[in-house]
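Per-chain residue numbering starts at 1, and chain names A, B, C and D are given in the order in which the chains are listed.
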Amino acid sequence: MSNRNIRVEPMAGLAVEDQEVEIVERKGLGHPDSICDGIAEHVSQALAREYLDRVGKVLHYNTDETQLVAGSAAPAFGGGEVLEPVYVLIVGRATQTYQGAKIPTETIALRAAREYVETNFPELEFGTDVIVDVRLGEGSGDLQEVFGEEERTVPSANDTSFGVGHAPLTETEQIVLEAERHLNGEYSADHPELGEDIKLMGKREGDRIDVTVAAAMVDSYIDDIDAYQEAVRDVREYVHDLATEYTDREVEVHVNTADDYDEGAIYLTTTGTSAEMGDDGSVGRGNRANGLITPNRSMSMEATSGKNPVNHIGKIYNLLSTAIAEAVVEEVDGIREIRIRLLSQIGQPIDDPHVADAAIVTEDGVSVADIEQEVTAIVDRELADVTSITERVIDGELTTF
Amino acid sequence: MSNRNIRVEPMAGLAVEDQEVEIVERKGLGHPDSICDGIAEHVSQALAREYLDRVGKVLHYNTDETQLVAGSAAPAFGGGEVLEPVYVLIVGRATQTYQGAKIPTETIALRAAREYVETNFPELEFGTDVIVDVRLGEGSGDLQEVFGEEERTVPSANDTSFGVGHAPLTETEQIVLEAERHLNGEYSADHPELGEDIKLMGKREGDRIDVTVAAAMVDSYIDDIDAYQEAVRDVREYVHDLATEYTDREVEVHVNTADDYDEGAIYLTTTGTSAEMGDDGSVGRGNRANGLITPNRSMSMEATSGKNPVNHIGKIYNLLSTAIAEAVVEEVDGIREIRIRLLSQIGQPIDDPHVADAAIVTEDGVSVADIEQEVTAIVDRELADVTSITERVIDGELTTF
Amino acid sequence: MSNRNIRVEPMAGLAVEDQEVEIVERKGLGHPDSICDGIAEHVSQALAREYLDRVGKVLHYNTDETQLVAGSAAPAFGGGEVLEPVYVLIVGRATQTYQGAKIPTETIALRAAREYVETNFPELEFGTDVIVDVRLGEGSGDLQEVFGEEERTVPSANDTSFGVGHAPLTETEQIVLEAERHLNGEYSADHPELGEDIKLMGKREGDRIDVTVAAAMVDSYIDDIDAYQEAVRDVREYVHDLATEYTDREVEVHVNTADDYDEGAIYLTTTGTSAEMGDDGSVGRGNRANGLITPNRSMSMEATSGKNPVNHIGKIYNLLSTAIAEAVVEEVDGIREIRIRLLSQIGQPIDDPHVADAAIVTEDGVSVADIEQEVTAIVDRELADVTSITERVIDGELTTF
Amino acid sequence: MSNRNIRVEPMAGLAVEDQEVEIVERKGLGHPDSICDGIAEHVSQALAREYLDRVGKVLHYNTDETQLVAGSAAPAFGGGEVLEPVYVLIVGRATQTYQGAKIPTETIALRAAREYVETNFPELEFGTDVIVDVRLGEGSGDLQEVFGEEERTVPSANDTSFGVGHAPLTETEQIVLEAERHLNGEYSADHPELGEDIKLMGKREGDRIDVTVAAAMVDSYIDDIDAYQEAVRDVREYVHDLATEYTDREVEVHVNTADDYDEGAIYLTTTGTSAEMGDDGSVGRGNRANGLITPNRSMSMEATSGKNPVNHIGKIYNLLSTAIAEAVVEEVDGIREIRIRLLSQIGQPIDDPHVADAAIVTEDGVSVADIEQEVTAIVDRELADVTSITERVIDGELTTF
């Protein structure tokens, strides 16, 4: 066993699943904030890979500040049009020169943004429906990082920062997370009328779960108000069915409740996202690293998307604490809820946090003392393997929003 | 008594003051994220006031998306210079025409930004050290709000959203909050060498509090390394003295711990903010509405700065829940900690939340039942007075970051 | 015969063909100034056509202010890369609302720019190698123009302005113009190594013509210095052969004379244009409406590209005067050189200029008096048909640079 | 006598003063194109001076591409307001690093722009009425120029280019040039109601000169339509009086002839320039280097404003040819009109042009042969002193527009 400062203790209070009121939110792939998260993270991955390819190590960069300025549009049944394009400004720092080699950081960023937009938003034409601009400066020159192909030394923390993760997800969390993923996955493959801008709010009071969905419809696939109503109904039924896979509680699903058919006010878009009409967005304003906004749980303010995964401690610790929580729950029986917090110490190796703190709600008949040693061992093992988080981020295996 | 859905219940777990580990952070006035918060909120206030002056009511707007792109600088003892200006893009929506009157929203925004920068950042020349650009579109036309001079009807919630507030502040929270305010207040008046970009992290473990300060120094007031060291020492002593006013616990203060005098790596700036050199920023990424980042407490992801205070429910409920918590603690004895949560119901009047939830840790010898009625009455009263939050925001009496 | 104020008189001095020294320049399709001209004019045509399609008439617009900010690149034999993208800002005015209809002017502009770039610059990826941004405001609302499908009333001049045209082209002019068109036409179809940024300077002293060509080569088609030298040689031979079709004078062709092979300084690019590396551009800085820069002749400062062809008198009169000059030369024998000048009178119908002035150098044995009547009739006829200029511009039949 | 290739010959045709029709235009200080010229040239001077101060020599730069995007405004008697700010983008190239020294080129550019705007446009608040942005890249690194404090070697021509100048000015030219300068000089000092955006068109037919003035009035100094009419009348009378100092011909002055008092369409502005409302601008689109647009004379397309005065041959030769023409006319009797053309030879010293060509219309009784030797000597002397043009540009003694 290492000398890492790992604490395991009972959590004060009830597991979230047992609390009376629970609120869970997820901003889907096409929400303006998520668009920014997605571009920022995709740019980050592209930069990391290019640095590895070109100079054998990841150099200093951070691209966690994409800003989206909404456009305007005139959606119409059967197909409307974008009047003013969405404007996206990719902001950040990236090393442009290394031992004589020029790294085309802005070109890399723009290509990554194009790839991300074209892959995920088929109705949004890159360069015309959305203008993507870029301002990547260089940061302090002395921050070149070592994350090479041969050497995987453990970097030092660049800041005093904090990460937090939980497991397992509650039923409400699972429903909110999975509903969005499935809607933007298998469902939309068969239902092109559903845009990517889907926002879900789950509210559980006791044993009743209300899922409120705001789902942008794409006008070119919606010919009239009847088709719209059918599209809304389809989403409602799909989400309801999906929810019952995760819970036995009573579930009610509400879709596009702000619609007013008499006024003709419905959630119809040309491109599938409200970014086309008045909704701005930026990185780090939406989902936390586990894909959810969970006011019942501790959250970190850190914007993980776009940050350098080699030594940006806020990003690493948020992803790592979630990974640890999941590993513990999977491997150890008797845990109803676990929260992992990692607090860095600036200048110290990131595998040796100032404190790693596990707070546990055990199941009936299990005490924290029973499992403390097992939990500690897992936390220790995962901390020792911290650099695999970096690898998985670069490979796109871990999502950040 | 109204029919509002108000719940008062004991809080699960310990008061934060009694937890073993507590972490508190504050990004000071000149931190790039706070610069954005401040500009966004100042622009918002200016727009609200101009709408009232010109058309007698606050019209639809939201200016909560300012993006800052860092510049570059060459600080030097005795005075360096900015090489590339900071770029700030004010983003949002604002109604530009109302009953034939044209509202110069972009001019209002730029003037507010200028006023804010010139008032708060004397070393940062508006227009040359920092370029401020603006992209204010118009949102959906049907969202004109009623918050007139004669009529103060209670608006309806524009979203399903959530606000949370706490009282009282813990010692560590008070120290972190007050230290920054005093450093950027009376202290800097006498010490022009201290820049506005001050970041504080308070960490309490049991009865020991460590306050870590990163304080940008202004090069034109620092002639050499000795002067720099003296400036660092002065800050440390000042914060230590101030901290002892709020706690009897052991306090240690660390200032600019990342400095490396041998390498000549010190926190010296030309303009007093790291925005001059590589640190980007945006709204809503830093302090919560109470001025702090408090991972030990429930937090809302909502970016309050820049939002319309008339009907943006996320902004109002975050500010209101804090105000309620403070009112309860001031008026009711026996409370060690209270958390107020307000959950809106889209389309319902904002003075009638879906649920208003008060969770309380009482002092020894007091039970929640003893004070429940009193607390409920205060919550009810404050909810009834919700529009005063709007007024106080417009008048600049409430801070949002 | 009309009452138009048409004057025909002998030109003072020699025909340009007979002058001792003649200088002629053409900036080819891929020169940064020409890229701007081309985008601006293509955007203009697209707007005019969309206005006609949507509301049956061309509304007020002007898009004659595109600005190009150069990028940076690292060309290399076999294929280099763009480091920083080119940035193009389309600037202008365009009516966005007409009788309730919304015209998506910015979307139209961006799509036209994309089409133009993709058609003409195959190596320049729209959106990544070149970022195209747009700022189209609205001008004064009262300037809506009448150029409808049913009504073709003659508009009034919007300004006191001036157009000038000449015919026929001198040999040097023909060589310079045709060499660029053929190089960017049939030649480049077979020689992908030749970029679009070709600049030609023709200088004739007496009976010797020197043609200096600066031709950007595309690195992905050039494997080494030998291939580069061969590419240069091919261009030289092609231009020389072409020149001899237009003249019996002695011709020498110089290609990429600024190259310094020892220093490795050659004109190699990644995208085929110097816009990739340090050469900015804007509308109206290069070729005049006849495609040439001709210091030996009267020239107008007017930037024709991007201007509204319905009533922008500077554009119309420059194109019309050239068309008149060409018509006269084609139809009337005995003319060695003709210059047509048209001076507008603000507020008057554009088919009735303040003065239409034809200055003629006749061939030996012909006097101006002999042909005056014939010339006057042609000028009169062409003026009466002025609106066909508008049609031909909208249809893309007339080039502006 | 040197070996310079200087030719002196009779000009074909009449002196402009003797031609039947003459057209002369000047865009005043506040015209959007001139604003761009002025900022570009002021930025250029500032860069040149800073380079000299910091590294003892002028390094490579060119800042000849400023783009202005018009704003919108709501002028009103007694004082209106800017609705959307003017946006100015300074574009160019400038060396940022020299022997380890960092040159803050963007800061220098922005400060120069601020100084220029504040000095010349008192109604235009820098940073709020007009946003000034900057994109200064670096050009090719090998183009560092030698124009040091100790060494004044003659640089080589960077291009094959062409300059042309004339003297003396005709009466119409003098009237147009001087009227604008006096209106924007002594007149406006006493008449703050006159804005800086003054455009003059002089048209002479035989012995009658029509001067058409478009003069922006500043609304805060104009209380009603009577005051406006008085302001127009004052300008008309002033220009008429001034014109009579330069000519005995009949002069008629027309001011703001496009006004339509019945429609309320008058030339009233809030800031004194049409840039506030729909008129975009850019460098090199307006006045030639001598301050005028003169279709009766040879003109160069070169945009002189903003170009590097050390070795940008187009700028130098346009200014130098004008200076030579003026010197010849001042020193040599018997000249009615002279035109100087200078054609560079790329790579050759700029004091040794490929050809320097003087075309002269002599006064009655004087032949070119009489004065050829004298003229040649002056041309030769001025060419030898070419670097003084650079000095005078840097010192702001020569205007470029």
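Here is the rule we use: contacts are C-beta pairs under 8 Å (C-beta built on N, C-alpha and C of every residue); 3 or more make two chains touch, one makes a residue touch a chain.
Keep in mind the model is a prediction, meaning the values are calculated, not measured.
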*Could you tell me which chains make contact with chain B and chain C both?*
A, D
_Farthest-lying chain, centroid of Cα atoms versus that of chain B_ = C
*So, what's the distance in Å between the C-alpha centres of chain B and chain A?*
25
*Using mean C-alpha positions as chain centres, tell me how far chain B is from chain D in Å, no decimals.*
51
*Per the centroid of Cα atoms for each chain, what is the distance between chain A and chain D, given in Å?*
56
*So which bits of chain B are touching at least two other chains?*
84, 87
_So which chains actually touch one another? I want all the pairs, not just one._
A-B, A-C, B-D, C-D
*Under the touch definition given earlier, write down the residues of chain A that touch chain B in their complex.*
11-14, 19, 21, 23, 62, 64-65, 67, 69-72, 84, 87, 89, 91-93, 135, 137-140, 142, 160, 162, 164, 201, 203, 205, 212, 257-258, 263, 265, 277-278, 280-286, 288, 293, 295-296, 298-301, 303, 341, 343, 346-347, 355, 357
*Note which residues of chain D are touching chain B in the complex, please.*
74, 81-85, 87, 96, 102, 104-107, 110-111, 114, 126-129, 131-134
